[in-house]
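Presented sequentially are two complexes of chain A, the first with chain B as partner and the second with chain C.
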Partner chain A sequence: MSKAWNTVSEAPAIPLPPGTANEPPALSARRSEAARRAADLPPPAPHDEEWRRTDPARFPLDAWPPVHLEPRPPRPADADPLDEFFDVVIEMDGSGWSVRDRGGVTQSGRIAVLSLAEAAERHPDAVETLWTLEPAVRPRDRHEWAAMAAAAGVFIRVEPGAEFARGVLVRVRQPAGRWFCPLTMLDVSERSTLHVVSAILSEPGDGLAAETVRYRVGAGGRLRLARLQLCAGGPSQMEFVHGRLSEDAQLDAVSVHLGGAAVRSRVGAEAAGRGAGVRIGGLLLAAGTEQADQQTVQIHSAPDTTSDLLFKAAVRDRARSVYRGLIAAHRGAVRIAAYQKNQNLILNEGARVDSLPGLRIDADDLTCTHGATIGSLDPDELFYLRSRGLPESVARRLILEGFFEEIVSRLAMPALRDVVRRHLAERMDAPA
Partner chain B sequence: MPELPSDNKLIRDYAHGFVTPVEEEVVPPGLNEDIIRLISRKKEEPDWLLEFRLRAFRAWQRKTEPRWALVTYPPIDYQAIRYYAAPRSLSAGQAVDPEIARTFERLGIPLDERRRLEGVAVDAVFDSVSVATTHQKILEEHGIVFCSFSEAVRRVPDLVRQYLGSVVPPGDNFFAALNSAVFSDGSFCYIPAGVRCPLELSTYFRINAAGTGQFERTLLIADRDSHVSYLEGCTAPIRDENQLHAAVVELVALEGATIKYSTVQNWYPGDEQGRGGIYNFVTKRGDCRGARSRISWTQVEVGSAITWKYPSCLLRGDDSVGEFYSVAFTNRKMQADTGTKMIHVGRRTRSTIVSKGISAGESVNTYRGLVQIHPAAERARNHSQCDSLLIGDRCTANTFPVVESDNPTAVLEHEATTSRISEDQLFYLQSRGVDPETARSLIVNGFCREVFKQLPMEFAVEAVKLLEIKMEGSIG
Partner chain C sequence: MTNAPQPLLQIEGLRAGVGGREILRGLDLEIAAGEIHALMGPNGSGKSTLSNVLMGHPDYEVGAGRVRLAGEDLLELSPEERARRGLFLAFQYPVAIPGVSVVQFLKAAVEAVRGRESVRAAAFLRELRETAAFLEIGEIFLNRPINEGFSGGEKKRMEILQMLMLRPRMVVLDETDSGLDIDALKVVARGVQRIAGPSAGVLVITHYERILNHIPPHRVHILLEGRIARSGGPELVAELERRGYDWLREPSAAPSG
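Presenting the complex of A and B:
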């Protein structure tokens, strides 16, 4: 990597967004390096193993002009009823990003919400660490490097031992017709707790959004991360979520995908400290001609760590869902328990599901399990409900709600659960 | 190469590692159209077969060696391999050379009619050629054709021509194309309609000559409502060099037919340092062409430096059934990337996958599988179970299944676990006076039971013993 630092003078082939010129030199260097890495990698081809199941044409890298996310003052029009459940509300859209500190928590000095450029000045080590975090078993691809090159956004740091009654809401509105690369860096210090909810919405139209989330959780810290993507249609979406947990740290992540013409996501966690625990849940309901390709990575690099993953998907109409999971246990990661489960429902003819769970185990004293199922709604359950007088459509919806409830109930806030349930019901009932 | 002294540790570990001193007729090393023509001429083949070989060779030249499997090995020099080696005595048209008969006897496969195995007809393949096929008379009474591939080309050319390459096309993959170009012999079997084969059919493959590869081809056709159980065994001498074994096995099951194909693969795996051993790069595929047909693969893989094989079932006939039962044991520096493919095309097709991987030493053991449900495969059903057992902390176990469903009425389940031998089970056995080594062996046998019970009785007994021998010393 150090080699790349010395060769920043070369012109990157991937255009950098305007407004990145005045950033701290270390950050600009990283940005140029990412642009060059992206340019060095070949564009995805349909026969690449990574892209065999998703149409690369749905994720064109050079079709849209990049957006640079600069801080801007909050606008009253941004307010939403959901805001009252959070201390801090961050908006990110095509015009920049803003922060509203509703609970006045930033004044206490226990939590800092900074722009990436500010963070690179004040917390250079943290930014450096988070910027370079990547799962070794799944190196960054061209899209991810390109997203890093253009990434801008918010850095949130929680001081040691801090805890808040309410969390942080990040509302992302993906603009149409742009290459939009919001970045969220979460630096959760030891013994502190942070709850972050991302609500992802999008403008109607084409475009490409690639969101990067990097986190690290210090010893005994806890991060709750909920990502709700509630928009149908709109730009193609990519997301790259990855982070590292120190000793006894906990991650509880839930991702919900209800729509999106083309979605490609990767959620990863590395249990890097003894006793760290990872819990990841995912829910996807795809309809129409939507394509979703979700990848998860559970890495165990320390002993006595646990991970528990459950991803559920249902597809209707002509939609397609691909799930690719990986548990990697490194040498020396003994006494670990890792679990990965992927359950899928195909609701009608024409829809399609691929499931590729995976285990890579280099240690011996452990238990790793994965399971995958694909099927349709249980005819016995349908019969049971119909024999009690429920119309078929209601019976189907109830069973589907039950299928997803296992994930919905993992969301910490009742208000969020209601939002998800409402959107689920709308999507289930929508005509094909 | 002289035989190693019998008290050598390697000999104890791998009792099949001896070399038979027979004079062999070989072709010069290298691969080109002339060599292929030479092999074809030596075997007095018809033109269409030479054409098949040449087509495959041209396909092979256009292909690149696959690198996606999780195995590492130095580049293979395909021009340094001899593609044909046959005992000279055989080409002179004599009866089986006493040396070769002794070899098979030492391997537990007597070829002479008086002492041949009860209930098992064996086709013995020595390097590139089939040396003997036992029990011909009984088989002929039932109209069963079971002979070496070369003989089949002479005896039943129409059958061979109709089915050869119909399951694994000559250009299917790099190693299948190589095999199709240079295959020297192998077994052919045809079971007529309605016949239940009275014997277990068996092929025993033996690599003897140095600097050669073995490229045999097995073609097995089960006509309507017939039934056959087929066994395959393999061994090779201990050598420092790596030898390539690239076989193709094609199975065709017509309407209502059942084929049970069992393999105990015990090629020489290399020594403690990973020197020598067989590269076992094999394409095995079964085609359930007719309705209600059934193909069942059972494999016990305990040898080879590298195993790279995925016995598959193409379930085309409605209500056809595919099964895959596998035990793969790797030790020392062995590498195995193995699994299966179940392609569901017909309606109500069913498949079962049971894979048990045991890794010890510094070995790498990977399960890789595909279950594919095509849109027309209404109410297809699959259950897969892949378990890995780890012995020691320097081995690696990987599981990479792929499940694809294009039909809402299909039901698929996949489960996989990886763990080491349970301390509780060990403690239980030891507290009852069982010594640790025996206890571990018992637990491993229990772990593999589901697969072993699919094997014919004699083979199951052999498999259990073989695994015990292989495990010795692997437990620290």
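Presenting the complex of A and C:
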């Protein structure tokens, strides 16, 4: 295949999307730096600890042409019943991106929805801060740098004291056969509230997607972030989510993974201001030969901070899932409470789960608990449900729905819960 | 009208066990519609094995014999098919299903057993609330995950709630009285009396005579070492209370040909 896109000259090549040349110089410089950093890191080898459980061949960086998203007017055909629950609906796909401001809220001046290039002009400091955010305990790897180099997407800023509880829906339709790097930057000012839901859907086929989410929440601010990946039968997925919370800020994040040939997920939060609170929930159902690798970091760099993380995974057929969790408490982060739990369900023989919780504690006077469970469907529960007339397939689905309910119920919107339950049921009922 | 009633539940020469060990050794039992039978026996006599085998627990193996419900062979059917034919087992130890609410669970079960078309959502909820109130189950329980964190008495009431909602024609109560205080026992008995009637059969499996004061049986059977050692009327309960099980052991414990 001939490569029509720009690359940084050094091998191995890191693809840069076309159309980024006219961006503000600071942004272009950051892209080039990201491409260079990616190129400087060696490609993953199968014996790397990081890649021991997922096949690097499923995440090739140079197999697909990158996508650059130009703004375009909204298209009526994109409308979806879910839209009515949101003030702002953002669409991204292989041909561009659009904003539908259903409630006219961007006219108020209290919320801004901008392209990355626009944001780099108007809010350079915020873009710079969000661009450079990374957890010190887990530096960016080659794929994450490459995703930054090719990132295209939106910057959403909420002004101090503004409330957008109805919030923003970001719907991403991932094109097949492309290297697609949607980016969402969330700048939640002090005392403001923002609710963001991102849903990634994909065309059937191959390709590679890497979603980057960067957020910061100012003092007393609140961010609710729900991310749904509904890519059964679609390309491999990577995601890099990280952000930082100031004093008394709160994050309530839920991620849902229901499909994708291979999934690498990196989710992190830093409670960087006194009194900040982090709550993160995740659910994943892998089927077929899918491979999922999820890592989370909870960083406590300020006193009196809390974090509560619960990730649940179920695997069927020959799918496999690995979870690695890390709680890092920095020196001086006293009187913190950190909690991390990973629960796994193996639905049949042949599926596989690994769970590796971890702690790195440099502070004292804290409460820190973590734990992991791996189990299979309880035969007594199955028999109980069957004795009430439910066919085995329905009984299995009900138990699985119950297993995930603790996460699903954290989604703020009933309509969203229904979407997740429907996709869960489809995945459960699909033949092996 | 004048014909002898066909037995609703008919067990003939049932041999069954678990883990390669035979526990039921040729059990015969017949229960007609409209009748309440008690099955009493000491620990290890096979009471729980019988309830598991009747419901079709996959771990239990049937070696010989027949079980028929209204003339239809049950042993070939899956547990869910047995439930849909009208068999109900109130479990001795009901399990919790985390994250599945009582309403959600019962809606699915009622649809499976009584048919989706016959149950409209509003009518279902009305019936569920009414039945819960009858069993003195607070409405708050209906939205909680089934049996999770429930006390022993709450779990047993939940079994009776399920029984009334599924409207079975043959009910097996497996030691439903164990761990119940007297008030809960009265509520359970009230529920069983509601389902017992001209068309339903009830088998009360128990250790103790106490529940039988509230659910008076027509017939009483004593299970010893996997077989019915004696059957009789309600007076057998008092005799058992007076004399224990040992007087029954002699004849059946002797090796037979």
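Basically, the second predicted complex is superposed on the first by the 417 of 432 C-alpha atoms of A that agree within 3 Å, B and C clash if a C-alpha of one lies under 4 Å from a C-alpha of the other, contacts with A are read in each partner's own complex, and residues count from 1 in each chain.
Keep this in mind: contacts are C-beta pairs under 8 Å (C-beta built on N, C-alpha and C of every residue); 3 or more make two chains touch, one makes a residue touch a chain.
Note that the structure is predicted; figures quoted are calculated from it, not measured.
Enquirer: Quick check on the superposition: with chain A as the shared anchor, is it clash or fit for chain B versus chain C?
Expert: fit
Enquirer: Which holds for A:392: it touches chain B only (first), chain C only (second), both, or neither?
Expert: Once the two structures are laid over each other on A, A:392 reaches chain C alone.
Enquirer: Chain B or chain C: which reaches more residues on chain A?
Expert: Looking at chain A, the partner in contact with more of its residues is B.
Enquirer: Of the two partner chains, chain B (first) and chain C (second), which one does A:401 touch, if any: first, second, both, or neither?
Expert: second
Enquirer: Check the residue A:383 against both partner chains and state whether it touches chain B (first), chain C (second), both, or neither.
Expert: second
Enquirer: Can A:58 be said to touch chain B (first), chain C (second), both, or neither?
Expert: neither
Enquirer: How many Å separate the nearest C-alpha atoms of chain B and chain C in the overlaid structures?
Expert: Distance of closest C-alpha approach: 15 Å.
Enquirer: Let me check the overlay on chain A: which residues of chain A are in contact with chain B and also with chain C?
Expert: On chain A, the chain B and chain C contacts do not overlap at all.
Enquirer: For the complex, which residues does chain B have touching chain A?
Expert: Touching chain A from chain B are residues 68, 373, 375, 388, 390-420.
Enquirer: Where on chain A is chain B touching in the complex?
Expert: 49, 331, 334, 344, 346-349, 351-376
Enquirer: In their complex, what parts of chain A are in touch with chain C?
Expert: Going through chain A, the ones touching chain C are 378-381, 383-392, 394-395, 398-399, 401-406.
Enquirer: List the residues on chain C that touch chain A in their complex, please.
Expert: Per the stated touch rule, the residues are 55-59, 78-80, 82-84, 89, 91, 94-95, 97-100, 104-105, 108-109, 112-113, 145, 162, 166.
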